[in-house]
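Here is the structure we will look at, set down as structure tokens.
Every chain is named by a letter (A, B, C and D) in the order it is written, and numbering of its residues begins at 1.
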Amino acid sequence: MLKTIDRLLNDTSSKTGKSFAYVIQLLIILSLISFSIGTLPDLSLQTKEGLRYFEAFTIYFFTIEYLCRVIVAHKKIKFIFSFFGIIDLLAVLPFYISTGFDLRAIRAFRLFRLIRILKLFKYNSAISRFHRALIIAKEELVLFSFVASLILYLSAVGIYYFEHSAQPQHFKSVFHSLWWAITTLTTVGYGDMYPITIGGRIFTFFVLMAGLGIVAVPTGLIASALSQVRNEDQNNN
Amino acid sequence: MLKTIDRLLNDTSSKTGKSFAYVIQLLIILSLISFSIGTLPDLSLQTKEGLRYFEAFTIYFFTIEYLCRVIVAHKKIKFIFSFFGIIDLLAVLPFYISTGFDLRAIRAFRLFRLIRILKLFKYNSAISRFHRALIIAKEELVLFSFVASLILYLSAVGIYYFEHSAQPQHFKSVFHSLWWAITTLTTVGYGDMYPITIGGRIFTFFVLMAGLGIVAVPTGLIASALSQVRNEDQNNN
Amino acid sequence: MLKTIDRLLNDTSSKTGKSFAYVIQLLIILSLISFSIGTLPDLSLQTKEGLRYFEAFTIYFFTIEYLCRVIVAHKKIKFIFSFFGIIDLLAVLPFYISTGFDLRAIRAFRLFRLIRILKLFKYNSAISRFHRALIIAKEELVLFSFVASLILYLSAVGIYYFEHSAQPQHFKSVFHSLWWAITTLTTVGYGDMYPITIGGRIFTFFVLMAGLGIVAVPTGLIASALSQVRNEDQNNN
Amino acid sequence: MLKTIDRLLNDTSSKTGKSFAYVIQLLIILSLISFSIGTLPDLSLQTKEGLRYFEAFTIYFFTIEYLCRVIVAHKKIKFIFSFFGIIDLLAVLPFYISTGFDLRAIRAFRLFRLIRILKLFKYNSAISRFHRALIIAKEELVLFSFVASLILYLSAVGIYYFEHSAQPQHFKSVFHSLWWAITTLTTVGYGDMYPITIGGRIFTFFVLMAGLGIVAVPTGLIASALSQVRNEDQNNN
């Protein structure tokens, strides 16, 4: 009996195991969609009722699944404190605990359960390649993150001194200016804050010239490290 | 007779075949332009009339061309259900069918007929290189698309909880927040929705730091896979 | 005499020739700055007078320089119709012709005269490397430009059908929607036009996912072609 | 005695030296945070008082540290005029000098003192790799910066002539248009200035097509030069 459950839950090479895994993944996605629908304003009472029933159903299903996983695990403690063990618990726990805090947001963490989907499609090698690429580019990534932080802070201080007196309602403090620095150097540019003084604009010009590269380089580093890892794999095979 | 038509339609190495192909491409572009002009507001009756006549002319021309292509095809069924067979049909069909639905938008699909232009300029090798580059980077692309989807959804849920109470008119639901997540992580940043709470801004900072790379890496992957394929081709020649 | 002028104008390896070249470059930059200042509103009469005198001085200087270049050129016709010959002429001609048209904008073309600065700093090898990189990546660049154009047009038609009825004042026609498509797919995102319907937003999501890569790949292609060319050069030396 | 101080300040391989270095880094970060908090509006008198005391404490600490560093330095003059010597002085000097100017902004320069943190984590090799990557890509970077400047200026002049008459309040002069060119070609797109005429929009389209690549290529160049340097290092080891 235990063996059958174990195979059902963990043996994704067998046909029944695979089907069961697909069913769970589908349920997770459906429960995430129903969770999102639940945040819509002006829902009819009927819809709210339906969503609540579906939520209860998925929670009971996930709870049974979690308990089964604990039972069939060889090293129970190790499973409970593993990444998936904690995620599986967080996906159901908020439902049972009713505290003063609003714990519904935690339900979104069941999203992480979807990561198991990668196992199904045998993406282990792609993940390991990504992992190795991160190790290769690690030092550069840390260095650039550090320099990017320095540039963000300096930009915020600089723009604060240029724009504070001209737009005290927008550039209220260095922290408010930091928000401008982030949205500008990532080129998001919402348009809620922008320099209007000549000094502030010239400063922004130099910040963009120096900072854009720094902020965007890590992406290029990951991409080139990934191709390097792939080449190494191809040469070894 | 059939042979002459066949050569006219399909033999782009002969001079007449090439000229005919250019004429068709030109007609497609002109019909797309006339279709676009037709959407302009405040057109004079004369212009509308002219556009309608031109539309009818191109449709009759494309219909005859389509019928000829079917007639000269060796495997008629195969051609009709091929990519270009379906596109060629979709380019003329909406004109003849008048239903309750507005089918005019489908006319824009005749755009795809322009893809034949690549044949004219012998871009087959570049297309095949792009195809091989996609195959090389396929696993990474799927993995990053999957992770990007997870990040988009999590960002939407997170910002919903930070901003919903402060701006209920903008961050109405998780779906509305998803729109914010998309425009922010692709750095489009229209400025129609942006966080105003301290929590929401700090959350956005971390989402941008983690997410920008993930969303932008696929571009770098395609670029480096393309150069790899090109190098392989050069070494083989 | 002619020989001395020739050396002064064209021999940037001699000290006097180099100094003279620097003076010309400086004059060009100063004349561009004075041209820009001239567009400022609310200038005092004195400043306007000063700018006009300076403009006249530079024009006379550039005219004499142009005539000298023609005189000392071995093949006069070839020089006059060369890239720099035409640019040098365009830089002074608008001053002498007073027609109904406003030709002052053409003065900005004297900017191109600055390209000679690259010669001074011996950037010929970097330019030739860039040229070779463009040749290497040429087919991919043309293919991606073509596909990017298709995507831009399709995005415009699609968003027009989704948003026209909801925002007829913004998405007036396919041409107006094309402006949206350009600012969105390049991630500029001014915020003057954005979809508000659910259909339009879902459409934008897919357009961004498919289109961002296509529009951004050429940059990666040029960068990797440039590194390839540089590597080849290093191996040959 | 001097030897002990020297080891404390400069020998980050010993345990006490490392601890002391961590304490200094922590103090710098805390003083930057307290400086940023000080710019917040509506602070209570108590908070202001607290911040002033903390500021004074860090300044005295940094002053003593600076004096010690000068005393233990073997070549005192060389240290005083070294990068870190100047930064360390700039971090404390504004506190002691009270002039008509507001020198508080200079306090932000103590941020640069954080660069010493890289020494602690042994990031010397990553910095040297970055330095070598810059040297490798130097010519291309200068060339692209130059071309990017030309494109920025030309875009500004072009858009000025297209939009000035339609929006004289936004596109006041070539300098104002330059601000538009910078925010557009870096794809920030605040939305404070954008073309509304047909000519201006078509011009923007071409500027974006030609300019985006030019402005974004340097990032790709740095990324690929960095991977090249890393590969060379791996092959040598």
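Operating definition for what follows: a contact is a pair of C-beta atoms (placed from the backbone, for glycine too) under 8 Å apart; a residue touches a chain by one contact, two chains touch by 3 or more.
Computed from a prediction, not measured in an experiment: that's the story for all the values here.
Enquirer: Out of A-C and A-D, which chain pair has the most contact pairs?
Expert: When A-D is set beside A-C, the one with more contacts is A-D.
Enquirer: To bring chain A onto chain B by a C-alpha fit, how many degrees must it turn, rounded to the nearest 5?
Expert: So the copies are related by a turn of 90 degrees.
Enquirer: Suppose you list every residue number at the chain B-chain C interface; are over half of them used by both chains (same) or under half (different)?
Expert: Counting shared over all numbers used gives less than one half: different.
Enquirer: Nearest whole angstrom, what separates the Cα centre of chain A from the Cα centre of chain D?
Expert: 29
Enquirer: Need the CA-centroid distance for the pair chain A / chain C, whole Å please.
Expert: 41
Enquirer: Could you tell me which residues belong to chain D and also touch two or more other chains?
Expert: 175, 187-191, 216, 219-220, 223-224 - these are the residues of chain D that touch more than one other chain.
Enquirer: Give every residue of chain C touching chain B within the complex, in rising order.
Expert: 136, 139-140, 142-143, 146, 150, 153-154, 157-158, 160-161, 164, 168, 172-175, 184, 187-191, 194, 198, 201, 204-205, 208-209, 212-213, 216-217, 219-221, 223-225, 228
Enquirer: Help me check something: in the complex, which residues belonging to chain C touch chain D?
Expert: Within the complex, chain C contacts chain D at residues 32, 35-36, 39-41, 105, 108, 111-112, 114-115, 117-118, 121, 123, 125-127, 129-130, 145, 175, 179, 182-183, 186-192, 215-216, 218-220, 222-224, 226-227, 230-231.
Enquirer: For chain B, which residues are in contact with chain D within the complex?
Expert: Residues 187, 189-191, 220, 223.
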